[in-house]
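Below you'll find the structure I mean.
Chain IDs A, B, C, D, E and F follow the sequence of writing; residue 1 opens each chain.
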Amino acid sequence: MNVVLTNPPRVARNIAQAFVRFGVATVHEAQGRIGLLSSCMRPIYPGAKIAGSAVMVCLPPADNWMLHVAVEQCQAGDVLVVAPTSPCDTGYFGELLACSLATRGVLGLVIEAGVRDVAALTRMEFPVWSKAVSAQGTVKETLGSVNVPVVCAGQLIHAGDLILADDDGVVVVPRQAAATVLQQSELREAKEAQTRARLKAGELGLDIYGMREKLAEKGLIYRAAEVEG
Amino acid sequence: MNVVLTNPPRVARNIAQAFVRFGVATVHEAQGRIGLLSSCMRPIYPGAKIAGSAVMVCLPPADNWMLHVAVEQCQAGDVLVVAPTSPCDTGYFGELLACSLATRGVLGLVIEAGVRDVAALTRMEFPVWSKAVSAQGTVKETLGSVNVPVVCAGQLIHAGDLILADDDGVVVVPRQAAATVLQQSELREAKEAQTRARLKAGELGLDIYGMREKLAEKGLIYRAAEVEG
Amino acid sequence: MNVVLTNPPRVARNIAQAFVRFGVATVHEAQGRIGLLSSCMRPIYPGAKIAGSAVMVCLPPADNWMLHVAVEQCQAGDVLVVAPTSPCDTGYFGELLACSLATRGVLGLVIEAGVRDVAALTRMEFPVWSKAVSAQGTVKETLGSVNVPVVCAGQLIHAGDLILADDDGVVVVPRQAAATVLQQSELREAKEAQTRARLKAGELGLDIYGMREKLAEKGLIYRAAEVEG
Amino acid sequence: MNVVLTNPPRVARNIAQAFVRFGVATVHEAQGRIGLLSSCMRPIYPGAKIAGSAVMVCLPPADNWMLHVAVEQCQAGDVLVVAPTSPCDTGYFGELLACSLATRGVLGLVIEAGVRDVAALTRMEFPVWSKAVSAQGTVKETLGSVNVPVVCAGQLIHAGDLILADDDGVVVVPRQAAATVLQQSELREAKEAQTRARLKAGELGLDIYGMREKLAEKGLIYRAAEVEG
Amino acid sequence: MNVVLTNPPRVARNIAQAFVRFGVATVHEAQGRIGLLSSCMRPIYPGAKIAGSAVMVCLPPADNWMLHVAVEQCQAGDVLVVAPTSPCDTGYFGELLACSLATRGVLGLVIEAGVRDVAALTRMEFPVWSKAVSAQGTVKETLGSVNVPVVCAGQLIHAGDLILADDDGVVVVPRQAAATVLQQSELREAKEAQTRARLKAGELGLDIYGMREKLAEKGLIYRAAEVEG
Amino acid sequence: MNVVLTNPPRVARNIAQAFVRFGVATVHEAQGRIGLLSSCMRPIYPGAKIAGSAVMVCLPPADNWMLHVAVEQCQAGDVLVVAPTSPCDTGYFGELLACSLATRGVLGLVIEAGVRDVAALTRMEFPVWSKAVSAQGTVKETLGSVNVPVVCAGQLIHAGDLILADDDGVVVVPRQAAATVLQQSELREAKEAQTRARLKAGELGLDIYGMREKLAEKGLIYRAAEVEG
């Protein structure tokens, strides 16, 4: 059964916006090393970073009809998250759909498939994380669903979950956990800021983290290298 | 038999130049969704775009001798299109060959293999679409052919065909079809400009394309999402 | 047995610095087409180029403990070269480790695995050549070794070998051969400069390299293309 | 938090066994084209087929400690389903673990990672569907979870779901849907048996499925081929 | 425009059958090292070998409607050769279509996409060379063409060309060249039979092929290995 | 410089033969988890297993001339180990070379490239571990070296090292370590035999290996699953 779930829950806008200060790696760690999408998901241009509420689309291979349906379900601060039901590198998304989404205040697209018009998308600064770039287009013949839970790039995502994407990739934080993970990210970042300062001052991680004793226990041996020639 | 076909037909220069206004995706659609090279063909730097007449090279794996032969067959407005007879990521092409081609007014290179000196090629603004970047060089031992029809990245290309390449990839338009496809691209672009304006004004694709009725016919259901937590 | 070899030999600093004038492709050719790492090793941002002395790390999959150990063994002008004992795309390295290395004057990282925080590394201009970008982190549980010989991306590398990396990839030059290969690179570059000038003046490689006779001997045929349509 | 959920629900044994008559493709269709694991999951030997109740394991990269924990949670008719938290081809599973599972009546293993001892597993007729074969072993250092919901090869699977695997791959049927999908599979199979008989008698799918009219409507043209040479 | 070309030319049946004595590698060499399909095309079971006349199908991604159309165009001794217009691993073909083709005397299928029901196809001994195995099915919505020239796995193939497939892969021989290539294959095989006999008798290729002088000319050095330890 | 090192050291024949009792995974573990070739190296048919002394060949891409040179350097009990200087899937090796090697008592081939005539090689029971199957042949134009150290599939191998290959892949044991690793393999196998007996009797690995306490220490929680529906 193909269904569009309207007015899905959404992670609170101020919480989502607060995540933009943190990198995907930091949030992934803060969350306990879960929620990372497959590293096949790459940004179409460097330097983009977004944090917003997921609108989910599940659609057939090589058929982007449901993207037009999904646009209407989007509002400012959303991130469109798309996965086909079988693996497909076809270019589902291009400049016209991006115009439509940008007009509504959508922050970007995460799609486990192909995208096209990347030069135009770069000029528009509409960021996309995708599995492929392909000018090959799609048809509009078969239905899918909007805002049902979808597995995208190896992670189960629900509408309204927090999506954070940067040059390292994409991480999902469940909506109900977002406030907690935000706090953990702040703690982690604060701790890292201290470590960063000490490392820049020349201290070693071996000392900061107190690793020397454990290394010795495990049997690590230090020995001068023999030099020949 | 290894042969160099001299003075091949060429797509008219003014027609080729007119294609630069359009993206690969637009021309691919305008042509009826044919002629797209495999999405493994990627530009070595972002933002390049060329449209010119194909000079074809078929050559052995890891042997670039025929590229030197092909240079002499090139003139201003050409695009060199190269495919090895068996899969090979070796760096067939670098800065010196690019100097030689640029001197003759060649617009760029499309090669289903590897390329090297990409920092220098980027500085020279000599664009290349390739399957790999590799500093591994080639030998000059075995013959191939120039300007015979060649399958490159999954498409059959004849000398003189129109090659259009941008950040989305590479499309080939048969020489005799180029004028017609140019008109179709213009029509498509004009239509897209209207659509773009309407989308930017906030209209939905669902309404512009009249999709709502067909979606209902196919059985798409809208239902309010249930919110928990 | 897990061992850290301290004070390894190092290629002379002035020799290493002299290599930065040359591209990876030039040095690979000058050295007799050996020493190139697999083309899966790509820079995280374009335009970087480094030449330095290898500090080697061999470590377990998904465990970056030995990187902290290796930092202490590094000094200005070094390049950290890392390979896991089984294939692994996990993000072993990020901004904090880069701060620590940059503070010590280390030039960059070559790692046959994943890296994260690439936006921060790009801002810091700390270059990395890696097999993957992944926000997935590692544990610190299992030992490895530092400055033992390691196969990285298909090449056997010893501590103190010269590592040269640019947009084309990464090449290793054995420490004892570095001075000789530097001379050969200079000779090659000088010869290429002459060829470049002649090519820019419009001469053909066919004539500069004297290829016409050998092509005829091998049976290459020139024939006018037949034009239809 | 790492947890082992004991005594999970299980799809009824007689229902699971009834599925063995059907192929993965049939059940996937009968279920509405959902639930198929990625086609990277391949059997280690041809001809195996199993249908059982999923015991789920989520574990760290290159660490198989939780497999030993999971064995105790398995009973006759179960299928062990395993996914690492980051991509990993290491050989998590070999002959000794297979002995232990076979002794308990476990039907086979589905693992989005590597497996080893495949010659012994083939002799034992203990089937495995995996992403890789690798003799590289694992450590036992870090916890994971058993019988929590896990995304394996792109599908979300709960403990007790029905797993069907054959030479075509692996499909999951949610436990609560299993009885219904079984009936749909039987209907589909019955219908296919009739079609099979008619096709073997020489009738065409074009006629059996009544496709000729729709093809004509869409504009399909039949024309005699021109023969040259 | 979508078209079905009926009654295409066909390579003579007796010529096609004569090719079965030869391997794909032999025919590929005899033909001058052209016509080999990409090595991504693998047989679904070992030991199959077919030689027949190509019936060509060009179809959309994830849509197998045209296969039903193509069946009617097939006769005894044909090989169905299929390529989608964009890369797609979906399972286009299964047991029912195989029943229909086998009933008509079709020898096998070559498809640059996915196939399913491989256990049943193996039992039926209906061989398939494909790029993937996937239980994911297709729709029947969009037209394609039958018996137009198609690029399949990197080679341009015309209806009626000779297709030879075995455990090494798939080679195409143009229809008009088939008789000549058959003779060349016979000559090559006869020569290889003599060489095989001499090699089994202990002679070396170095002597049979007279390589020693040319090796010395190129500068090959023989030296006793130094043994340590 | 291209060189053939004659009469290389060889691992003792009786030691090599004793390794055939053990699997690649066992020897890899016994040796301390080193020496495993990349998992891209797969056998051309299941069930083969060999253990012998390495004869090394380093050769150019798509050029198999040096294989003919290497045959003369082989004797009974050897395994030919081959790596090209740049990545290449071409079919370097087929039935005639296999005849020649089999006549001399060579046990099999390990090649980081392509192989052809796999049906014939299977009938002859001449095993090959390769990266690809391809009917695409090679030229004989450029020299390489025999019995120099070569990196093959990521491992540095010297002539005379012990090569063990089975369905799990390929492992190299340095010649001087072979006797020691053989003993360690025997110890490991004896220990595994005891464990196997206990597992078959129904004991759990959790108890045999004494894992329960350490799991509890790390914080593993057991909890009854909640069942719904």
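We take it that contacts are C-beta pairs under 8 Å (C-beta built on N, C-alpha and C of every residue); 3 or more make two chains touch, one makes a residue touch a chain.
Not measured: the values here are computed from a predicted model.
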* Under the touch criterion given at the top, what is the topological distance in steps from chain B to chain E? -> 1
* To do: Enumerate, in label order, the chains that touch chain B and chain D alike.
  => A, C, E, F
* Structure fact -> When each of A-D, A-E or A-C is compared with B-E, the one sharing over half of the residue-numbered contact pairs turns out to be A-D
* **Pair joined by the larger number of C-beta contacts - E-F, A-D** => E-F
* Which whole number of Å gives the spacing of the CA centres of chain B and chain C? -> 30
* When the C-alpha atoms of chain C and chain D are each averaged to a single point, how far apart are the two points in Å? -> 42
* **Contacts with two or more other chains, residues of chain A listed in rising order** => 33, 36, 39, 85-87, 89, 134, 136, 142
* **Touch relationships between chains, expressed as pairs** => A-B, A-C, A-D, A-E, B-C, B-E, B-F, C-D, C-F, D-E, D-F, E-F
* Asked: Quick one: in the complex, what on chain E touches chain B?
  -> 1, 32-34, 36, 38-39, 85-87, 149, 151, 154-156
* List of chain E residues in touch with chain D within their complex -> 1-9, 45, 65, 68-69, 71-72, 89, 91, 94-97, 99-100, 103-104, 114, 116-120, 122, 132-137, 140, 142-143, 147, 159, 175-176
* chain C residues within the chain D interface of the complex -> 60-63, 85-90, 134, 136, 139, 141-142
* **Residue ranges of chain E in contact with chain F within the complex** => 23-25, 28-29, 33, 36, 39, 42, 46-47, 49, 166-169, 171, 192, 195-196, 199-202, 204-206, 209, 211, 215, 218-225, 227-229
